[in-house]
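Dropping a structure here in structure tokens format, bear with me for questions.
Note that the chains are named A, B, C, D and E in the order they appear, and that numbering of residues resets to 1 at the start of each chain.
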Amino acid sequence: MELPEILFNPLVRGILGICLMSAIFLGAMAAVWFERKLSADIQQRYGPMRTGPHGLLQLVADAIKLFTKEDIIPKNADRLLFVAAPIMMMGSVFLMLVAIPFGAIIINGDTYPIAATDMDISILYIEAVSAVSIIGIFMVAYSANNKYSLLGAFRNFARMIGYEVPLGLTIVSVAIMAGSLNIVEIAQAQSPLWFIFKQPIGFIVFFIALMADMGRLPFDQNESEEELIAGWITEYTGMRFGLGFFAEYIHLILGSMLVVLLFLGGWNLPAVLTSNNILGIVLPTVFFLLKVVLVMLFIIMLRWSVPRFRIDQVVDISWKKLLPLALLNLGWVIALGLLG
Amino acid sequence: MIPVELYIGLAAVIFTIGLFGFMTQRNGVRMLMCVELMLNSANINLVAFSSYHGNLTGQVFTLYVIALAAAEAAIGFAILMSIFRMKDMIDLDKINVLRW
Amino acid sequence: MLLSMIVLIPLIFAVLTLLTRTRAQARALALVSSVAVLLLTIYTYFMFDSTSAATQFEEMYTWVPTLGISYNLGIDGISLPLILLNAIVIPLLILFTWNDEKHAPNRFYSLILITQGAVLGVFCALDFFLFYVFWELTLIPLFFMVSMWGGPKKHYASIKFFIYTHVASLVMLLGIFGLYFAAWSNTGTPSLNIPYLLSQFQFVGSGMTRDLIFLALLFGFIVKLPVFPFHSWLPDAYTEAPTAGSVLFVLLKIGGYGIFKIMLPLLPFTASPNLMITIMGALGAVSVLYGAFLALAQQDMKRMVAYSSLSHMGYVTLGAAGLVSLSVSGAMFQQFSHGLIMSIMFMACGVINNATGTRIMNELGGLAQRMPKLAVIMVLAFMASLGLPGLTGFIAEFSVLSGSFVNLQGYVVIALMAIVITGAYHLWALQRSMFGVYKEKLGNVVDINGYQTFAMGLIAILIVYFGLNPSPVLDMMLTNSEYLVGLMAGMGV
Amino acid sequence: MDLMLFAPEITMVVTGLAVLLIGLFLPVESKKVLGYLASLGILIALYFTVASLGTNALAFYDTLSVDALSQFFKIVFLVVALLFSIAAVKYTEGSKNTEEFYVLAIFATIGMMFVASANDLMVLFVAFELASISTYALSGFEKNNAQSLEASIKYFLIGSLSAALMLFGITFLYGVTGTTSIPGIAAGAAALAASPIGILAVVLLIAGFGFKIALVPFHMWAPDTYQGSPSLVSSLLAAGSKKMGIVAAFKVFIVALIALKVEWQIAFAILAVITMTVGNAAALSQTSVKRMLAYSSLAQAGYITMAFVVLTPMALGGGILYALSHGFMKAGAFIVTAAVVYMVLSENKDAQNPDHIDNFRGLGRRMPITALSMTVFVFALAGIPLTAGYMSKFVLFSSTIQAGFAWLAVIAILNSALSLYYYAKIVKYMYFLPTEGKKVSEPLPYTLALVVAVAGVLAIGFWPEPFIYWAMEAAKVLLAGGM
Amino acid sequence: MSGIIDISNIIYSYIPVAIILVVALLMPPLTMFLVKTLSPRSRGVSKYDTYEAGSVPIGDARIQFNVEYYLYAIAFVLFDIEVLFLYPWAMVFQGHGITEIATVEMLIFIFVVLFGYVYLLKKEALKWQ
């Protein structure tokens, strides 16, 4: 069975991307609900219960509320930046999304990733556009003319730059091992042995750095509700807040996908399981998404069980622990490469 | 698909913007940004020519240029910061201890 | 080795002198050095064959072969008398300053020795590079001499002197370069050897180039000499310099030496020798007259002497342009004689200035009563300077004027007019300063001391000696000038 | 490929890293060791360079060449670095950033050395920037001194502008010829000469190098920077960094772009004349000695630029020799000002303009060795015979005449006569003007550096044969590449 | 000089990016437009105040921040650029027959970077105050 040529048409790919975008919206909504319930469980309470069964419709209610909230732009704010900031944040996550495969279809032993585009340097591209979100955050904080916001943004900034370096180094290690910068090829290269087993240090470094990059607790110093009200997003209300909030959750999902793609074997399954075309179409993606959900679960559980670091600790961890570890990992990968 | 002249033209325009900015701006940071702009216009040229000639020299060169630009920016900011700490401004017209 | 020693001993001793701490050590070292040079020079003189115009005592070591530079020394009949003059006067000059209370004596004597070494170097050098090095080296000590111990306008004078003559030497350097490269491109080998380059001059491409080279070199020499109209550094520098400095200026005969040694051999091969002769003759004659007139107008005795020096230097150019054996040798002898005479005259000016505190002649008067020894020597020198027969000045000027008359009647006539004026200002100066009624406000002046008497007296004796018997130096000058004139005759000039 | 070819560079890198690392773990009072270490490393590198004179080789995929030209300039840079590091022992005394001072200087020197051996514009540009960036930081080394910072920011902005211009020019060379290799560009020069882009590239490159060499009218940063930077850094800038610009320009113009000679020759002629004239004229009225030296540096760069016009082996040899001589003379002169500044500041911590010429009054009595060295340097700069400056001018100017550019030589010679005036002024202040200051003991490191520099100046003055020989060899390398 | 640069393959893989970019650019404004039409509007002055835990804000918030941030920023830029050089090298490290040379050269490079790192550590540039 040949895949029709039309599937490779960029326009079709773009429409696929929009579908994926909608999917991830739903995913993010699910993730929000999921987190609420999980956190409630951890804290031994029920969480949202009233809207729908087990509060399943809570998100819909929230959305309605957000849509009907007045949009307030504080005085002294830089209006242009204030309004444009959500675009930057949303743009960043959506552009990331373009290059990330949401799974793959295996037909007759050939793998077709479910991704809007398949570029040679996708991992580099993802790293690049994900860094754009910090500009959005900074725009929010700077335009709001609020000291807490700015302080939050600066912390965010210090954290981001600290963790970009180990992140980059581990990605290089992965790229060395896979011999490619194409995220699909990297995922393929993990059959049969996942990279988490080949470079466990790399995985740890990458995971921590990614969490910091996403601003997940224990790395959400940009918000630090206890000290900075809501940090960088203090002055955002209603739907603006909602957009920022959503961007974070989408980022979370995409980050989890990255972890799976880079270290946890992506959609790779033993060839036996995918030899059948129907199984080949379904199983890899399911398997992939399952792993993504597990990673998300882990991240969310972490959030509710670990206290937040102080900003100086965060910076220290990145520069004094992760960076050497990342270099060590790089050395390890080089050694492996020389031996094998 | 795209004539190489367009790339050169783009680079030239960016370069000119950078040069113009460098000449007219008096704020240290802005001047620095203009220089970066000029370096990047050279990068456009290099990559375009690299593609045109089908060899990788230009792309490799671009990598070096990016690194150098970063190093330059780093040192530039360090100097500007020291000036700022001393004078609370980075307006080059007002930095004029050294005159005749 | 002989010439190297003559040149290098003063330079080495200059460094040693610089390191001394006391006045006594400094002057002693300087005296030792200069006497050593004198002895070596006298030895050289007696070994010298004055019947030959060829280069003698030649020394040659390769230095920078890539550029054809070598360390090449040698003397002939043109340079030896000047070396002799220098070697004789410098020790006497040191004796003359024996009791001077100048500050920083170590530097003072060191500068004297550097000047001596540099000037001797110029006379001995047979390589243009070396020649130019020594030529420029004379500038530095004299510059310091003037600006450290000079008169009230010392800074102005020193800088004017420095820049003036430095520019001139740079122009000369251009000429040297021109000659050097022209010869290089002709023969394919670089060389800065003076006789070699002189012999190559005739093969230089166009007449225009030859003329330019000639004029560039000539400019360098006549500014140093100096002659009108390039003399304006002279009165300032001579006047503002300390006595020793003025004497060193007087001994700085490198400009005239260059004319005889370098210009005359080149002259016949220029595109228009007659034009060159005209230039040199005219400048010389005008200088004689102009210097004399200005000297007449001076109030300051030292300035008057300086202008008279300009006047005398005119004879050198005029004689060189005369192009007969008599005039050329006369001009050479004029250099020698002028060195002796002017040394005494500047020394006398210095003594008077020290004793009375002024050099303005109207304020002086009757000094002969209080300073008889000085008066005797001074009168002798003035007489020699105005050309009294029996003294060196007469021989020189007479030879120049009579010799030049053959070719340059017009200019000689101009110069002859100056003789009257020369006599006038010399005598008038003597009359105003030495004779007449002693002006009491000058205070209690004392006569020259023993060292000064010895120094000035010895030079005075030499003036008389060479005036009566010039052949010890004139012979070799004649040999050389005959050779030069013969060269020109061969070219039909 | 023989790594021994790059023994000097490797030595320097190892030295630099060693100084950095050791310096980190030393207490402030024993950081003097770093100076000795750096000097030792530089000496070893110098030894390797001198020992390898005469080898010819290409290395690293033909991007680096070892030949007489590169070795000669390496010697220039190493000599300057040596003087710098000896003198810096005193300058950095008591500073906790000693190692940075040395390391930056060593890295700058490494950059210059690689520029000297670059055979590829990519390497050339990267090395160029390595040297530039290190010197930007060096010139702002006195972080609490407004002058130093101002010098630094001006130097930095103009330096990065020049880098951008140069790079833009290089991209066009690459665009037309398809290679960044210098011989490759020379081979493709026909295409360059035919294309208007070639001219554009030449213009951009002249401007880029003009800024670095500080040719008028691209010079406005130089006086400020040389005056404001710490004196030792000025010595590195004037004596080292400027030479780097010159050797790079030699390579780019004379080797790579000889086919476009007609276009740039006249430009350089004009630049040379303007530069030397403006430099000398402006130097006349300066009261800051460092600024005066800066302007004199302009003038000297103008003389060297004449080599681009004349383009005979001898002229280029003269220019190259001049670079070495200027290295000794100018580095020495700036070290003297460093010593004077040190003296002034040790007497009065808050002295303004410690390099003012009034502070040179009576230096002959206060610091005899320093003053004597300064005399040698300024006389050498003025071109008094038997000094390095004279020898270089002799070769350079005479070859200019030889090649038929008599007018250029005349202008240069007149300029050189003019320059005497302000050089003599320094000597006058040192020896002839009275002062109340007492004799001070001269810091040993400065004295040592000065003695080395004086020895160099006099060595070239008295025994120029080997220097001229190797300069000529270097010039032959340049011309062999292009003609 | 004239010529054509063919980058169609690359362009094709970026067309989806452009499409998504347009969507991403449009989405927030559209949402905000919806909000504007749907939401009520109340009058009140104090709601436009900057929220700083209830206290009245003093002065402008766009102030100069601690210099620490800049130091980190500079360190970041430099290290990130070092990583930049690793990417191309990572691609050719294996399977291009230059493994040994590439390894040695990159190890030297990393070694020099480590030097810089040790320097930063020792100079306490990475110490948050």
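By definition in this document, a residue touches a chain if its C-beta (ideal position, glycine included) is under 8 Å from a C-beta of that chain, and two chains touch if they have at least 3 such contacts.
What you are looking at is a predicted structure, and each value in this text was computed from that prediction instead of being measured.
Trainee: Listed by label, which chains are in contact with chain B and with chain E?
Mentor: Touches both chain B and chain E: D.
Trainee: Using the touch definition from the top, what's the fewest steps needed to get from chain A to chain C?
Mentor: 3
Trainee: Which chain has its C-alpha centroid farthest away from the centroid of chain C?
Mentor: Looking at centroid distances, A is the chain farthest away.
Trainee: Point out which chain occupies the most central position, where each centre is the mean of Cα atoms.
Mentor: Central chain: D.
Trainee: Taking contacts as defined above, which has more of them, B-D or D-E?
Mentor: B-D
Trainee: In whole angstrom, how far does the Cα centroid of chain B sit from the Cα centroid of chain D?
Mentor: Centre-to-centre distance between chain B and chain D: 25 Å.
Trainee: Hey, how far is the Cα centre of chain D from the one of chain E, in Å?
Mentor: That pair's centroid distance is 39 Å.
Trainee: Take the average of all CA coordinates in chain C, do the same for chain D, and state the distance between these two points in whole angstrom.
Mentor: 43
Trainee: Would you kindly tell me how far, in whole Å, the mean C-alpha position of chain B lies from that of chain A?
Mentor: 33
Trainee: In chain A, which residues are in touch with two or more of the other chains?
Mentor: Touching at least two other chains: none.
Trainee: Could you tell me which residues belong to chain B and also touch two or more other chains?
Mentor: Chain B, residues with two or more chain partners: 48, 52, 60, 71, 78.
Trainee: Can you list the residues of chain D that touch 2 or more other chains?
Mentor: Those would be 175.
Trainee: For this entry, which pairs of chains touch?
Mentor: A-E, B-D, B-E, C-D, D-E
Trainee: Under the stated contact criterion, what part of chain A meets chain E in this complex?
Mentor: For this pair, the touching residues of chain A are 10-11, 13-18, 21, 66-76, 83, 86-87, 90-91, 94-95, 97-99, 116-120, 124, 142, 144-150, 154, 157-158, 161-162, 164-165, 168-169, 172, 175-176, 179-181, 229, 234-235, 238-240, 243, 311-312, 315-316, 319-320, 323-324, 327, 330-331, 334, 337-338.
Trainee: Across the complex, what residues on chain E touch chain D?
Mentor: Residue positions touching the partner: 1, 112, 115, 118-119, 122-123.
Trainee: Please output the residues of chain C touching chain D within their complex, sorted ascending.
Mentor: By the definition above, chain C touches chain D via 63-67, 129, 132-133, 136-137, 139-140, 143-144, 147-148, 155, 159, 162-163, 166-167, 170-171, 173-174, 177-178, 180-181, 184-185.
Trainee: Where on chain B is chain E touching in the complex?
Mentor: 1-5, 7, 48, 51-52, 60, 63, 66-67, 70-71, 73-74, 77-78, 81, 84-85
Trainee: List the residues on chain D that touch chain E in their complex, please.
Mentor: For this pair, the touching residues of chain D are 17, 20-21, 24-25, 175-176, 195, 197.
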